[in-house]
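Below are two complexes that have subunit A in common, paired first with subunit B and then with subunit C.
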Partner chain A sequence: MALTRREFIKLTGMGLAASSLGVMGFGASGVAQAAAVRPFKLTHATETRNTCTYCSVACGILIYSMGDKAKNARSNIIHIEGDPDHPVNRGTLCPKGSALLDIVHAPTRLKAPRYREPGGTEFREVTWDFALDRIARLMKDDRDKHFIATNAAGTTVNRWTSTGMLAASASSSETAYLTWKVARSLGMVVFDNQARV
Partner chain B sequence: MSDMQSQDYVRRSASTMTPPSARNVEDQVAKLIDVSRCIGCKACQAACMEWNNLRPEIGHFEGSYENPNDLGPSVWTLMKFNEYENEQGNLEWLIRKDGCMHCEDPGCLKACPAPGAIVQYANGIVDFISDKCIGCGYCVKGCPFNIPRISKTDHKSYKCTLCSDRVTVGLEPACVKACPTGAIMFGAKTDMQHQAAERIVDLKARGFAHAGLYDPPEVQGTHVMYVLHHADKPSLYSGLPDKPHISTLVQAWKGLYKPLAVAAVALAAIGAFFHWITIGPNETTEEDEAEARREMRETEEEQAP
Partner chain C sequence: MTNTWQDIKNANVVIVMGGNAAEAHPCGFKWVIEAKIENGAKLVVVDPRFTRTASVADYYAPIRPGTDIAFLSGVMHYLLTNDKIQHSYVKNYTNASLLVKDEFTFTDGLFSGFNDQTHSYDKGSWDYEIGDDGFAKADDTWQNPRCVINLLKQHVSRYTPEMVSRICGTPQDKFLHICELIAGTSAPDRAMTSLFALGWTQHTVGAQNIRAMAMVQLLLGNIGVAGGGMNALRGHSNIQGLTDIGLLSNQMPGYLNLPTDKETSFDEYMKTRQFKPLRPGQTSYYQNTKKMTVSLMKALFGDAATVDNHWGYDLLPKLDIPLYDIIKAFEMMNNGQMTGYICQGFNPLQAFPDRGKIRAGLSKLKFLVTMDPLDTETSRFWQDFGPQNPARSREIQTEVFQLPTTCFAEENGSLVNSARWLQWHWKAADAPGIAKSDLWIMSGLFQRLRALYQKEGGAFPDALMGMTWKYTDPWEPDPEELAKEMNGKFLADVTDPVTQVTSKAGTLLDGFGQLHDDGSTASGCWIFAGCFTEKGNQMARRDATDPREQGIAPNWAWAWPANRRILYNRASADPEGKAWNPKKPVVEWNGSKWVGIDVPDYVVTQKPSANDGPFIMTVEGQGRLFARNLMAEGPFPEHYEPMESPVVNVLHPKVGPNPVARVFDHDRSNFGKPGDFPYVATTYRLTEHFHYWTKHALINAILQPEEFIEIGEALAKEKGIDQGGWVKVSSKRGEVVCKAYVTKRIKPLMVDGKATHVIGCPIHWGFTGQARKGYGANTLTPSVGDANTQTPEFKAFLVNVEKTSAPVG
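Here is the complex of A and B:
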């Protein structure tokens, strides 16, 4: 490295100034912070209430995501813990619930409906529109074919016994009420939820 | 910047300076682990890893419910399982959440030679300040409970912090919050002692005559306490020491030898000073020099035949 005399003097001067600042106490803030406890990581995280994805107990969870929802920031979930205000778990979680963060970020996590046509060998990713349309079509066809309006005695029964529904268990009372209404208004009698699993 | 400053310290490793501990109105905190209510689900273990961003390498099954097999630089709490056949011939599954006990008289802090690498806050939490850790491993030797582990990647010592980052902002530790059976509780140490006392009465009424609180006086009490159904035999719980003690080597070295060594160094300095005052430096005269030259000449002549 070639240095002129002027550059050499400049450099040494800068070095001297920097080290004197350090001696006077400037620049020590980083050291002081490192010496103290780990900074609380959720100070400005966005808190979102949700329900645990796992079992039928349906524990309330708090999802903390990085960023304050500013337009140019992309949120990312950084921490999940129990919701103390939720009557089911009052802040606690089981080991699976406590490890939810790794489910969210799992590379194998299912994020879109997948479809394997009759006779097909491979699953392929499809749109929600495709999946919902197809489910509706098949339900309608089956209901039209197998719907039982009256029994042998001629009494109106409006039963649809050839299709069943397995609903989620991690639902609020309102969601459960609506699910019930939808299933029963179709005449569906085979109806259960994941709480039995 | 964090809230913890030197004013919050009550003890500091390898320091002659006594921390000012100006904030002495702070409540002493404690974690109470009611072993009799623990179902061994390991929610605390998962919550600890999640909060502290620790992901130890996935190991192998070794025939035990313990997973992983031991505490480590990334495993700060671990459920330990012991199958115990009691006097009646019945099997008791004794499950204990292992981790740092946050002793009131911390052996790790006593043994630590790096100034400020181990500190105790006014609330009782013993914390490792990794920035100042030199990775010597003396804390491992000093710990009566065999807790700290040295990382092979950065050669620094790690253990449970009692979630000092959560406690500082007024939250309970992550393991405490997660526990589904309420076997882990957190609060002021006196509150936890009261809580334990009630539970012990309950346990005694249910036939556990030796139920009791594990808050060993040998280390002046701990900030992580256990309610045990067999408080007379803590070693049943996967080697919880019956009488934990800081290694005599560490105690002698830091307690007895340290002042002795200081005294020896001081004595040597004082001795040298008085020697210099009374006898003075070693001076030579012209006659001494002449004598030395004559002797040298004589030996040279003797050697040369």
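Here is the complex of A and C:
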């Protein structure tokens, strides 16, 4: 099948929606060739089992990364696909899960803590120590000022209502449990998660 | 979910109402297609829009947003008047026979006990007649008019097909056809599964929507069986886990409740949690609540929780109001009652209703902390992004900390999926830059606060100092250590009275059956007990073997509770213990014990003749058609209009919307009237996007690059709106300028004789990421929630729409 450059580009665009070499008219041999080349790409990659971060079907995924985890070798994720062993998704992924690589490497991934002063018009990068020291200070000052140890009836209630927290519903259960312990150890009751939205 | 994703394939009828699984849960929806192909199942879809789920349905019917209770009450009316209920199941496994107090009434839209000053109920009459023996009275012949089943018949008798059509706009013939399909599953060997999501929860009557379908399922005998159940298709990957662990204002891990001011002592707290059986011989498993609670307190506070200090009861905060939910939090912010807010992986500027109110609230804080892998809108609420985020930075005095975190691919840990499976995952790479895990950040704050209190003293440091923190690395605990802490362990040598086996102190628990209330066991989340035992990390199991290919896969990962995959599975068998559906048994009585492909949800040696009901978590042992005092609005669901509605409530014009919904004054003044905002709007999600994250991913941003609304051809023609043309959509709270997608998928509905147009508002755009800037559908939505849960009413509100020109620039 002969393609002009213009037609090729047009068909490649279609391939975004149905990404298969077959669509471009290479037929079975092209698909076979792609299948034969594929293992080379992943041969030297490290395979890690994980779960899709989006909805709670919780599809099994395989993450492929370069780098052997040796000292000073920084792993770089190069490919993510559905886990064929997983009893629910059996290797498939949806339009969201198929694009997981793009969220891992999104240009808007945050790389360092940033701080914005009162009335400021920009963020500036700060150290972790600056950020966490300052947050802890602000939390303690507010807590000491507004903590409610007893209510009007004299009952011990030990609650803190003037600082609140929203917890992350795509974080692990282990993170969730630790977060619960921290929030409640301070008496925090303005506390919620994405269960409602 | 009561059942598993794969179990959907066992259904004879799949009803998707209050959700759009084909687009929102595509890889789970495959099992619906499997049910159609392999099991000849019929897929029924009821939705305001002709969704992609509808496009593969055997039968589709439209419905006006916010009228599901009327539809489902109509279904119950059909089942009861046409005798299409599973009699033996209803009689033996539900509270149909129990007698309700004479004082319980329902008149003109209100149940007995309404107080119109406080907009709440005195629920004293919402209960059974209790006999001298302390048990609820019953009439198994159903002759007594006060039987639950007779009161239910009476309650739903108003929901005739004519009335359903008048309220919902669903044509009568379509409604009746769906009733027939549903009714077919009243046969003991046939099952229907209900798949739902935010389409049901995000209403001022959200919880009652779900109750209504649960009641339909009980009448049909579809709970506990293969291919049946109430299957909430949950949102985020670990929203189930966060709910299980109680990261909600009023919750503690394992669905235990935080104490309230009224519970002045541990004994008072326990007094209302006796869960004494209300029928003879019932398990009423929550009678073990003290064991769960004491074991939690030992996990949290260790040696600081003792018999003498009532297990550290006063170390827990108490609540003076039912909930400090998010709507309440932003009301407090706007009233200047809040100083700080921490948003961990959460983007409220996009996710919560009445965006203007959210932005104003954040602007009044002294400090805001965001922890996220991505550059969220919330972290930049103070920055001017034009009409999509008009902000005067210099006037906003909030200090903002934007903390970068790891994402799923950069950490170990477990997530709980919709089917309650705890699945372990492994780290593949380090985070970019100097981003850190949430565990590291939360520990860092905790350690710093401890140090500050140690140095300076301050308000009540006892709980902070007493909280257990025995981790190998106290600055970033290992997820496995935390998983073991949730699972629980013995704190002393304990000898089992039955087996005489002694478990040594320090040994991990095998399950919650080993919990004690004397301080000899600790468990941070009792329902997870069994997930990480001496045999290792059960959540990391990867044996996908599935006996009879019935969708259980018992050795894949681990499911709470007790690795049980189908809840209430005792109800899959008849009272004698034989499967209702011999082709798809789940558990059966073999003469000496309960056996099957799943872990029995029952005492395994309990004889069928013991008459112990299959719903072992309830005090009746039965499924509840009458909810007693457990719901805010009433023991039966009733149709109330959305807070913003185009019509009066034709059932009871004086009681329009939910009479017990909590509405703040300022929010009430921000509700629109149909004269100004004549169209019904509903928000939804696209299959190419996940909330507000995927606009940061290039492929997804390309696939659905810009904000739009979906509008029917008839309304578009009437308003002169072209395909792809610009429109201004407005509500009482704000306006969105975006493109219109003119569609055949939404058609006007005839509601009470009047054509009613519905507009669809996908939610995904904001002002960070790679997609084009958008206003966000939450600019339009009202700040009011479900009366039980405070889940915001995103699915039914009023807007106007006008043709406009393309924005300049």
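By our rule, the second predicted complex is superposed on the first by the 119 of 197 C-alpha atoms of A that agree within 3 Å, B and C clash if a C-alpha of one lies under 4 Å from a C-alpha of the other, contacts with A are read in each partner's own complex, and residues count from 1 in each chain.
Just so it is clear, contacts are C-beta pairs under 8 Å (C-beta built on N, C-alpha and C of every residue); 3 or more make two chains touch, one makes a residue touch a chain.
Small disclaimer: the values here were computed from a predicted structure and weren't measured.
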Which partner reaches more residues of subunit A (counting touched residues only), subunit B or subunit C
C
Figure out whether A:Gly97 sits in contact with subunit B (first) or subunit C (second), or with both, or with neither.
both
Could you look at A:Ser75 and tell me whether it touches subunit B, subunit C, both or neither (first, second, both, neither)?
second
Is A:Thr108 contacted by the first partner subunit B, the second partner subunit C, both or neither?
second
State whether A:Gln194 touches subunit B only (first), subunit C only (second), both chains, or neither.
second
Would you sort A:Glu174 into first (subunit B), second (subunit C), both or neither based on which partner it touches?
second
Overlap of subunit C and subunit B interfaces on subunit A (superposed complexes):
80, 82, 89, 92-99, 102
Flag every residue of subunit A that touches subunit B in the complex, lowest number first.
29, 31-41, 43, 79-82, 84, 89, 91-99, 101-102
Please give the residue numbers of subunit B that touch subunit A in the complex, ascending.
1-5, 41-47, 49-51, 116, 127, 129, 131-132, 161, 164-166, 168-169, 174, 177-180, 182
What residues on subunit A touch subunit C, complex-wise?
16, 46, 48-60, 63, 65, 67, 74-77, 80, 82, 85-90, 92-100, 102-104, 106-121, 123, 128, 131-140, 142-144, 146-147, 149, 151, 153, 155-197
